[in-house]
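Below you'll find a set of structures to go through.
Shared between the two complexes below is subunit A, which pairs with subunit B and subunit C, respectively.
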Partner chain A sequence: MSDLHTINKSPFEKSSFDSCMEHVLEGSAVLLYEDGVYAALKGTAAEGKVKSVQGVKVYALGPDLNARGLQEERVIDGVEIVDYAGFVDLAAKHDKVVAWV
Partner chain B sequence: MKFAIQINEGPYQHQASDSAYLFTRTALEKGHEIFRVFFYHDGVGNGTRLTTPPQDDRHIVNRWAELAEKYGLDLVVCVAAAQRRGLVDDGEAERNGKDATNIHPKFRISGLGQLIEAAVQSDRLVVFGD
Partner chain C sequence: MSEEIKNFLYLNRRAPYGTIYAWESLEVVLIGAAFDQKVSLAFVDDGVFQIVKGQKTEQIGMKNFSPTYSALGDYDVNQLYVERESLEERGLTVDDLMHLTWEDEDEDWAEKDSIRVVSRAEMAEIITQQDVVFSF
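What follows is the complex of A and B.
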């Protein structure tokens, strides 16, 4: 079973990012979008969790990074930036989409 | 692939409707099918035809309606959420003795069963909002 987990809240605002990272299974993927993209930034308290999660690919939505003035250089190495077409592809590729709210 | 979309937030307050719109439009452009878009909780606010944003702002309601026109989308508003928030069609106006309606003609009011059916009939349910 491979799920796509979506997170739309900043890790500094709500616990949805922390909860997701504690429950996500190997082989699944996490997409950070809306204010969730703040978890994709280098040098924050979220960075360790993004880097240490085993066998889970983390993505961030490019248009939402851009809307917040967050440059690509600030994104953690290994986090892949996707556009809406990439978001649709991820939703289609995984067995289901789990929204952490 | 067949997608169902659920939107739980109102327009101009939360990014959910914008995110859902861009996801839905992109999925349609890529050749996927959208079985239904279900507006729940404050999401019912996306369906009022009386919305009038400033001219230099996006018109969230009309944008959904235009997408529905182009692709034959089924835009469904939850009846209980709509009644609480004063979103009314002809049937609800009649039933509840209201003197006006405000639903956009490209939207329709129906029950939660429509969300369950969309989830069952689609390959994926994608939820936007809190």
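What follows is the complex of A and C.
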């Protein structure tokens, strides 16, 4: 199946990001939102895992980046920024959502 | 209502007592068990602490809900997947866990183990094979 995995916790505070990245399978997608968007930034301890995950598209929710003062240029290349409608589209086009809360 | 039977997985990633997640998960599992769906539980990360044996909560003033896991087999909830790496990271082995069983009516009520220790890679496959995943 092609699943949408969601992460809403900071990778520096909780294990949600690390666990998700270790369970996500090729062909699935990861959406970072709420404090999860901190994993989308360049130059963090999480960057390597975001870049090295194979065959997995990573998205970040724009409104949560904006709310935290995180400009688009700080986001890792290849991470696609989506709005709320994009979130809905992602949820609809995947087989199911797996939330790493 | 559709009578299609779906696979539901309850993904447990938190320790008991420190937060309400573990207990809430158990409550939802028991409610969901009334709906004749295929239900399984996964214990990952700190979730493995939920089924450690010998829990005694008298001195913290909270209900010890660990005996409830032993009742799951009676509700046809008999597939409990425990991630081996999560156990090992926490210094646990399967011997530290409660012995959870169920009785197979198709085999003259033979007692069988509910817990299956699986690798992280196997857990990833188990998750993706589900129709619905509830995260706690």
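Everything that follows uses one rule, which is that the second predicted complex is superposed on the first by the 101 of 101 C-alpha atoms of A that agree within 3 Å, B and C clash if a C-alpha of one lies under 4 Å from a C-alpha of the other, contacts with A are read in each partner's own complex, and residues count from 1 in each chain.
By definition in this document, contacts are C-beta pairs under 8 Å (C-beta built on N, C-alpha and C of every residue); 3 or more make two chains touch, one makes a residue touch a chain.
For clarity, every value in this text was computed on a predicted model and none was experimentally measured.
A.B. asks: Clash or fit: subunit B against subunit C, after overlaying the two structures on subunit A?
C.D. replies: They fit: once the shared chain is superposed, the two partners occupy separate space.
A.B. asks: Please indicate which partner A:S15 is in contact with in the superposed arrangement: first for subunit B, second for subunit C, both, or neither.
C.D. replies: second
A.B. asks: Specify the angle subtended at the CA centre of subunit A by the CA centres of subunit B and subunit C, expressed in degrees to the nearest 10.
C.D. replies: One gets 60 degrees for this angle.
A.B. asks: Figure out whether A:M1 sits in contact with subunit B (first) or subunit C (second), or with both, or with neither.
C.D. replies: A:M1 sits against subunit C, while subunit B stays out of touch.
A.B. asks: Quick one: classify A:A45 as touching subunit B (first), subunit C (second), both or neither.
C.D. replies: Neither partner.
A.B. asks: Between subunit B (first) and subunit C (second), which, if any, makes contact with A:V24: first, second, both or neither?
C.D. replies: second
A.B. asks: Give one of first, second, both or neither to describe whether A:V88 is in contact with subunit B, with subunit C, with both, or with none.
C.D. replies: first
A.B. asks: Between subunit B and subunit C, what is the tightest CA to CA spacing in Å in the combined model?
C.D. replies: 6
A.B. asks: I'd like to check the shared interface: which positions of subunit A are touched by both subunit B and subunit C across the two complexes?
C.D. replies: Shared contact residues on subunit A: 96-97, 99, 101.
A.B. asks: Which residues, counting only subunit B, touch subunit A once they are in their complex?
C.D. replies: Against subunit A, subunit B makes touches at 1, 3, 15-16, 19, 22-23, 25-27, 30, 32, 123-130.
A.B. asks: Mind pulling up the subunit A residues that touch subunit C in the complex?
C.D. replies: 1, 3, 15-16, 19, 22-25, 28, 96-101
A.B. asks: Okay, in this complex, where on subunit C does subunit A touch?
C.D. replies: Going by the criterion above, the answer is residues 11, 13, 44-46, 120, 123-125, 127-133, 135-136.
A.B. asks: Where on subunit A does subunit B make contact in their complex?
C.D. replies: Against subunit B, the touching part of subunit A is residues 6, 8-9, 33-35, 63-64, 84-85, 87-88, 91-92, 96-97, 99, 101.
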